[in-house]
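Several structures are given next for inspection.
Shared between the two complexes below is subunit A, which has subunit B as its partner in the first and subunit C in the second.
Presenting the complex of A and B:
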C-alpha cells in the first residue's frame, strides 16, 4: 500500500522523470556547481578561483575551498574566466570543473590493478597487458558512465561551445553531453518556459529573454555591474571615507581586542616569512566584502532613486547597521550602506575615481531589461514581462527585488509585470543548476543528448546544431 | 392502602395470571443493564450504573497495519542499460530498474545467484515511454519543379526560402524564435553562379538583392511562408474540393497582410511603451467615464421615477422606433409586405369563399398602402395613449382634414387594447341565439362577408350603423308578423261571425266566395308562424307582400303600414341610407300609435332596445 505523502517519491510517470545518473555542471565566475541530476541542490560547490604556486619548472595548482584559503608563500589566486564572461583559461577551467565533479560526486577512480604495481610479476602475458592498457586509458576518464549537462552563459561564443563538448567528450569521456544556457535553466527552475531572466552574478549581470525554453539571442544583454562591481564600490567607499576604513582579511589577524566604534583596531597581526601575494590578499579581502554585502549593504527600495530629493534624508533616518572587521574595527553604517549598490540601478550614483570610471547608463539593470524587451517581438513582450525570473547570488542584496520591481513598473506601467524570485537562498543562488537538474532527469530529455557516436560522426560543431 | 390486587379487583382483571406477567415484564430489564458494552472494561461499565452512557460508545476496531509480507530476500536493483526509441544513434544510457527475475530464485545461496546474473547476456531494454514526446512539426513540401512554376519570388531566392523552411521546422513555427535566429548568409558561390548564368548586367542587378544580407522582419518571414503554404495547398487540393477546415486555413493563409500586421505591432508596442503619465491619464479618463455613466444612469432613474409619479404616459419606444423606421421607402415596402402576409394568412385561416370583401392586395395598392398604414399606425398610437402628451401643442384640424388623416377624438376610452375585428364580431352578436342568426342572415343577404378585411375605426362605425339598422329591420318584421297574426285572427273571427249570420239568413254563394278569398291567406299564415330561421328571406318578403296584398282590403291603416314597409324593404335592398327607414319607422310608429296601443308599446320597446345597442 503506497500512501502518497511528502516523503514518498511520486511515480515516475507523474513527472516524466527517468534518471540516468547524469551530472550537471554549472560553472560560474565565483563558484562552480556540480551535482547529480534529480537532486535539489548541487552536491559539490567549489570556488572557481584556484591557487597556483609557481615552482622552478612546474606549477602546483590548488583547488577547493580548503586549499586556496590557506596562506602560503607565493600562492597566487587566479580565475580562469575572462572579463567578457567567457572562459579564458580552458586548461585550468577544465581542471577546476573536474575537481568539482570528482571531489564529491564520482570520486577518484581506484587505479587499475594492472597499473598500480601490486600485481607486477604475476602477469606474464605481455600481449594481454597491451590490450588492457587501452581499456585502462578509457577507464581512467572521470565521467565514463555519466551523461553530462553543462550550462553556459547566454552570450557564449560558438568557439567556446565547441570547447565545452571537446572537453567533455575527449577528456572526461562522457557518453552523452548537452549544453544549455543558464537563462533557460533558471527559468525552468522556477517552473517557467518563457520569461525574462535577470541574473546578477559575481562578474556579470545578464538579462535573457526566453521563449518556450529557447533564448532569444538578440535580446540577451549583459553588463559588468554585478557582485564584483558592488565590492569594488565598497572598497572605494572605504578608501574615500574619513578616516579611511581599514580592510584587513581574516588570515592577517592573530587575535583581536574589542574597541569602540570607529576607534582604530587593536589586534595582533600575523607575520609571514614570505607574505602571500597580492592576489591572495585581494581574494581574502573579497571574502570580507562579501560578508559586508550580506550583512550591511542595502538597496534603496524606491520609490524614486536614492539621489532624489528627500530620499537621502529618509535613508539617513533609517537605523544603521553595525559591522565589525576581522581585526576588531567596527562601525555603524547609516546612509552610506545604500550607496554601493545604488549604481546597479543608477549610473550617476556610482562612486568614481581615476581607475574606476563611471559606468555607462546602458549598463544599469533597468536599461538592460528595457533593451532586452526591445529586441523581442511586440506580441511576446507582455508575456515575458509577466515572468521576470530573478536569480544569481547578488540579487540577495537586501531590498533588491523591491527596487527592481519599482524600476520595471516605472518603465512599463501599462503591463502586468511580475517578479519571480525564489525565497530560498539556495534556489536563488543555484537556480541554473537546479533547472539543469530538472531537465537532465526528465525522461523526455533522453532524446536530446548528444551521444558520443554523434560527436564522433559530426565533430564538435554538432553542438551548434543540437543545443540551440 | 390500596394494593395492586385491589385495583385489579376493581378493574376486573384476573387475579391469578398477573404474578406471571409481572415476572415476565421484569425479567428483560436486568438483562438489558447487565448486557456488557463492547469495548469497555468491565470496571468502567460498572461505573455507568443502570443508565447507559449518553454518548454512544463505538467499539474501536483494532486496526493494525497488515504485517508486511515477507517475500524473501530484498529485491535487487540494477542499473539497467536501455535505448530510447526516439534516438537513431543507439545511445545506451543506464537507469535504475528492478532486476529481472527470469532466473529461478537461488537455492544454494547468494553467490550463485549473483553469478547467474553475471552470466546472462547484457540485456538492453528498449524504452519507448518517452518516444511520444519526440514530435516534429509538419511542413508543406515542394519539389524543384513546383518552386520554379509557382513559388518564385523577386524578393526571395530559393536558398533563402529553403533556409526559412529549415528554421520553421527546427523551431516548430515559433515565429519569434525563428526571427530571432534568422541569420541568412547567402553563399557567395550561388551568387557567383547566378552572375555567370545571367549574362547581362540588368539581370545581375536584379539578382543583387539576394546577395545583400537583408534584415527581414517577422512579417516578411511569415508572409513568405504563408504565401508558399497557401499556394501549395491550392496545388494539392483545388479550392472547390477543400472542406470547411481546410478552406478556413487556406483563407487565413491567403489573407495574411504583413503591412497590417506590422502596423498592429507598432500600435501594440506604442501601447506598451506609454509612460506613467499617459497610463495614469487613461486610468483617470476611464474612471471619469464610469463616473459620468453612473451619474447619467442615476439621473435617468430619477426622471423615470418622477414620470411614474406624475402618471405621464411612458412613450412606447418600440412604436416610436417603428415610426421612425418608416421614413424610408424600403422600410415602407417591408411593412407593406408584412401586412400583405398577415392579410393572406388571415384569409387562409378563415377559409372564406369568394365574397365581396377584399381578397387580396393587388399591386396597384402598393402605392397607396404605406401611407394608409402609417395613418393607421398613427391612429393606433393615438389610441394607445391614455391622453395626448401635454408637451406637444395640439394642432387643430378642420373636419375634412380630420377625416382625411383619420384623426378621431375620444371622450372616454376603455382600458386595454382591443382588436377592431373583435369589435365588429361583437356587434354581430345579439342576446339570443335566434336573433344572432337572424342578424347574420340579414348581413349575408346584404353580401357582407363574415370577416371584414381591414376593420378600421371608420369601417367599424359604418358597420355599427348597419347592424343597428338590421336590428331595427328585424324588430319591424317581428311587429308586422304579430300584427298580421292578430289581423288574421280578427278576420277569422269576423268571418265566423259573418258565416253564422249568413247561416242564419244569407245565401251560400257569399259564403263560398268568402271562403275562397280566405283560404289562401290562412294557408299562408301557418308556414309564416312556423317559419324556420334558415328560410330564405326572399320567400318571407314574398309572403309579406302577398300578405299585404291579401290584406289590401283590410282597414286602411294597415294598408298604409304595408306600403311603408315595402318602401323600406326596397331601400334596404338597394343599400341606401337609413333616412327612409327612419321615415317609415316614424310613419309606422305614428300609424301604429294611432291604431293599436299594444303595438305602439312593442315599438317603443324595440326602439329602446335599438338605442341601447347603439349606445353600447
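Presenting the complex of A and C:
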C-alpha cells in the first residue's frame, strides 16, 4: 500500500470509492444533518439542542428528539452554538454530532468481531466464511471506517476549522476528512459552480458569493436576522397585543376545550411537582411558534414594502388566518401576520422593546446581498446575479421568494436576476447536506480528502491549506 | 415462471419480546405460524446459545422409569437425559417453560447482543426447517442502522446461503398490510414505541420517532407494579394481569369505579336497563355484593373463608411457602378448601343460577370495582421443580395448587394464548395439553389499580411523539391526511382500551377546532379549492383551510368568499353535495381541504383495518406488520420477481457485498 501524500493521487477505491460509506455531516444551529454520501436526503436529522440535568457532582446529558421533549425536573435545554454562528461548546457539540451519526447511521460502537456472532457457526458448517474482517476489527472509535465530510459556515474562524479536523481524527478516528463551506455545497446542490447563495437559517442569515466553486471570503455577509429572529418578533407581537396573546406550550396542557375566538382559554393544565426550567419552556414554545410560522406568518410579497402607503390597507382587507394555541385559545390574524417577517427586509418594520433594539439597516437581506455583490468584480456580477440560490429552512416562509425577487430587482434593475429556489422542501432545507453528498460521492473528489497520514504529518492546520 | 414459489418464502419478524416467522405464504394470509420468545439461554460454552433452559438435575436414576410416560403426558416439559461423561447420575433436562437466566438480544428494538441474536435467528430458521431454495424477507426494526443492515445481510447470505434476501421496514410493512400509501404508524412494542409517517409508500426518515423508550407494554406492566407492589404483587403477576381482559385503560378523565363520581347516575351506560332492574343507584360497590365477588381464597370472597390474616397475607407468594418447607401443610389446606368450594357450589348451584338470571345486566369491567384473573404461577412451578420431587408427586402438587377450572384451562390452551410463555410451536401443543400439565393457575383479585396501567404518562408521551412526527413532515399539505390515517399496532397496544384511550388523548390535546371567527368565511370555500381533475383549481395554495383567500392579492381578494364559492362550484364535478359539507364539515371532511397552509389536525382518525383477511380479523391487527410482510413477500418475490430491486439475490451479493443491500431493501 503506497503512502499517500499531497502530491500523489490515492488509488481508486482507497477511501471506499463510490460506495456509500463516506459520511456527510452538516451541523446547524437548529438541527444537525448527517447521512451517507450518495444518498438524496440525510438519514439522520437530530436537534442541535441538548438537555442537561445537573446532579450534585456530574451532569447528565440528553441527546435526540426522544429525550428532550419530555418535561423533567431541572432539565435545561441548551445549544452549543455561539451567538456569532460558530460553535462555542465544542465538547457537547462533538457529542451531539456523534449521536447524530451513531444513532441512525452506524449504530453504537460495534462489539469485538470475535464475539459479535458474525463468525459463529462457521466451524460447524465446515467452511469458513470468506469475509474480510479487517474492516470491522478493533473498532473503538465511531467512525473508523468512514471518511467524513463536514460543512462549516463561511465565516468560520481558523481555530474552529482546526477543531473540526481534530475532533474527526482524534475522537472519531476517521480515515479521511474534508471541510467545505455550506455556501459552496448549496450551490452544488443546485448544480451551480458560481452564484450568490442566500441561506436563511435558524440563527443566521448569510449571503455567500461563490465563483467557480470557491467562496469569495471577503464577500461573505451574515446577520442575525433569521428564523429565531422571526420567532422573537412573533413573541413581541404576542406580548404587545391587547390583550396579551398567551403562549402555552403543549406539555403544559392536559386537555383543551373549544372556546370562541379571542376568549380566554379553558384548558385543563398539568401540574408538575418541580416546574420545568425556563429554557425547556422556551424550547417547547418554539415548537408552537414554528407551527405559527408554517400556518400563519406571511411575507408581504410586494410591490413595495408593507409600510408603503396603501399596502397596509390591502393587507388588512385580506381575510385573516386563524391560529389555535395548544390550550385552545384562538384568534384570527389579519394584517399582523405580515409583520413578524417584514423586518427581514425592512429594519424599520421591526417590532422593538427595551430588550430588543431595532436591527441595523445593513442587516436586512437586501442590504446583505448588496454588500456581497459589492465585493465581486464588476464584470462577474451579472453572472452571479443570474444564479441566486435560495436555501435554508426559514426561506420556506410563505411568499419569501416573491418578496426577495422584488427586492433584488429593485436594487439591480438592469441585470438579469434569477432566483434558484428548489420547490422541494427537502432540497431547500438540506441543500448544503445534499451538495456535500454529491461532492463526497464524486470519483474525482477522492484526491481532495485529507488522509489520516497527512493529518499526522502536518497537524491540524492542514485544513487551512487544503480546504479553501 | 417466477423464480420463487409461495411455499418457499420465509418471513422473519424479530421483536423485543416475540419473534414471529413463517415458511410459505398460504392462500389466504394467516397470522404467523411460528412464535418464539426472543430469548436464548447461554450454553455451557461461552458464546453459544440454547433455545431452552437446560437444568442440571441431581436425579436419582429411578426417574427414567416413569419418564417415557411422563413425556407423553406432559407436552411441554420434555426431559432429555444426557449422560454426562464424568458423573453418571447427573441429568440435564430441557425446561421449555422456565425463563430463568434468559438473555434477550433485542432491547428497545436495538440488537444489543449480536451473537445471541444470530443464535435466535438460527433457531427460528431451523425450527421452520426450510427446503434449500428459500428466499428470506426480514422485517427490520426502524432503529436498526444502515450499518446494521449490512451486518444482517452478510449473516443471512453467509450462514443460510439464501438465494435471495430482502429487508423491509416494520412501519412500511404495516402500511402495506392496510393497503394504504399514506399513514401514520404507531408501533407499540415491549419497551419502546416507534412513530412513523409514511407518505406515498415512503417512510419519512427525518423527524421519525424511533424507539421512544419507556412507552411500550413493559411500561404498562411497571405502572401496574408500582401501584400493586404494596399488595404483594410481583412483576410476573402484573404482566399477566395486564394481559388479562380485566385490565383496561380507560379514556382520560374517566372516573374509576368506586370513586364518588363514578356512582353518579349519569355514569350508567345503559340507563334504561338500569332503571328497569332497579340497580341504578347500586353502583359497582353494590353490584359486587350480589354475586360478583370472586371465588377464591382471600378476604371478601364468597365461599366461606375463615382464613386468618396470616394466610390471606401470604396467599400471593405461594412459592415461598412451598420452598419454606410448609408445603404439605399448605397442600392439605388447599385440598380441603377445594372440596369445600365444590360442596358449596353444589349446594348453592340452584340458587346461584336463579340469582344469575335475576341479574340481567352484567356490569362491564370498567364499572366494577374489583375483578379477578387467573394467574399462571411459573415461579411456583419452577420452585417445585427445583425441589426434585418425583414426577408423580409433582403432578399431584400441581393439580392441588391449580385453581383454574379445568374446562377453562382447556379452552385457553386451545386458543393458543399467543402471549403465554409457552412456546406454541404451531398449534400442536395447545390442544393436546392437559390442564394438569400446564402451569399452576390461581385466581387473584385486583381493585381499581387495574385501570391504571397507563398512569405513567405513556399515552401523553406517545401522543406527543405522534404530534412531533407529523409536524416534522415537510409537505404541509400531507399532514392532515396523516392525521386522518393513524394506525396503532404492536403487541404493547393489545391492552384493552389502549387504542381508544390513545386516540382520546391525542384528540383532547391536539385537535384544532374550527375557529368561530372564520367558520362561515373560510370553511366552505376552502373545500372548494379541492384540486379538481381538470386542474382548474389546483394552483391556489392561498386557499387555506381557515385562511380563506389569503393572498390572492389585489382586488380579487376582496371578493366575498361565499360568492366565490358559489361561482366556482359549478365547475366542480367532483364536489360532494354542499349539504354534506355543512354536516360533516366541522370534523373536517376531506384531506384536500388543507392546502399548503393551515394548522393541522382538524380531524384525527384511525384507519380501518382491511376487511378481506378473515384469519386476521379474528385475532386482531396488532401484528399487522406480519400481514404486511406477507403481502410484500408475495409482491417482491413472486409478482415483481426482482424487477424493481425488491430483494437482493445471491449473485448480487457476490458482486456488491453487504453494502449493496441499500439498493435493494424496501
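Here, the second predicted complex is superposed on the first by the 421 of 468 C-alpha atoms of A that agree within 3 Å, B and C clash if a C-alpha of one lies under 4 Å from a C-alpha of the other, contacts with A are read in each partner's own complex, and residues count from 1 in each chain.
In this text, contacts are C-beta pairs under 8 Å (C-beta built on N, C-alpha and C of every residue); 3 or more make two chains touch, one makes a residue touch a chain.
All figures in this text were calculated on a predicted structure; none of them were measured in a lab.
Novice: Between subunit B and subunit C, whom does A:251 touch in the aligned arrangement: first, second, both, or neither?
Specialist: Second partner only.
Novice: Contact-wise, after the overlay, does A:311 reach subunit B, subunit C, both or neither (first, second, both, neither)?
Specialist: In the superposed model, A:311 contacts neither subunit B nor subunit C.
Novice: What is the contact status of A:320 with respect to subunit B (first) and subunit C (second): first, second, both, or neither?
Specialist: A:320: touches subunit C, not subunit B.
Novice: After the superposition on A, what does A:451 contact: first (subunit B), second (subunit C), both or neither?
Specialist: first
Novice: Where does A:386 make contact in the superposed view: on subunit B (first), on subunit C (second), on both, or on neither?
Specialist: neither
Novice: Now for A:21: first (subunit B), second (subunit C), both, or neither, which partner does it touch?
Specialist: both
Novice: Show which residues of subunit A both subunit B and subunit C reach, each in its own complex.
Specialist: 19-21
Novice: So in the complex, which bits of subunit C are touching subunit A?
Specialist: The contact residues of subunit C facing subunit A are 47-48, 110, 114-119, 122, 144-148, 151, 154-155, 158-159, 205-207, 209-213, 252-253, 457, 461, 464-465, 467-468, 471, 474-476, 508-510, 512-513, 515-518, 521-522, 544, 546-554, 557-558, 561, 596-599, 659, 662.
Novice: What part of subunit B is in contact with subunit A in the complex they form?
Specialist: Against subunit A, the touching part of subunit B is residues 79, 84, 86-87, 89-96, 127, 129-131, 133-134, 170-171, 174-177, 179-181, 218, 265-266, 268-269, 271-276, 279-280.
Novice: Help me check something: in the complex, which residues belonging to subunit A touch subunit C?
Specialist: Touching subunit C: residues 19-21, 36, 41-45, 65-66, 69-70, 102-108, 110-111, 115-118, 120-122, 129, 131, 250-251, 253-256, 258, 260-262, 287, 290-291, 294-296, 298, 301, 314, 317-324, 326, 328, 330-332, 398-399, 425-426, 429 of subunit A.
Novice: Show which residues of subunit A lie in contact with subunit B when the two form their complex.
Specialist: My answer: residues 13, 16, 18-21, 145, 147, 175-176, 211-212, 214, 216-219, 375-382, 410, 412-415, 442-444, 446-447, 449, 451-454, 457, 468.
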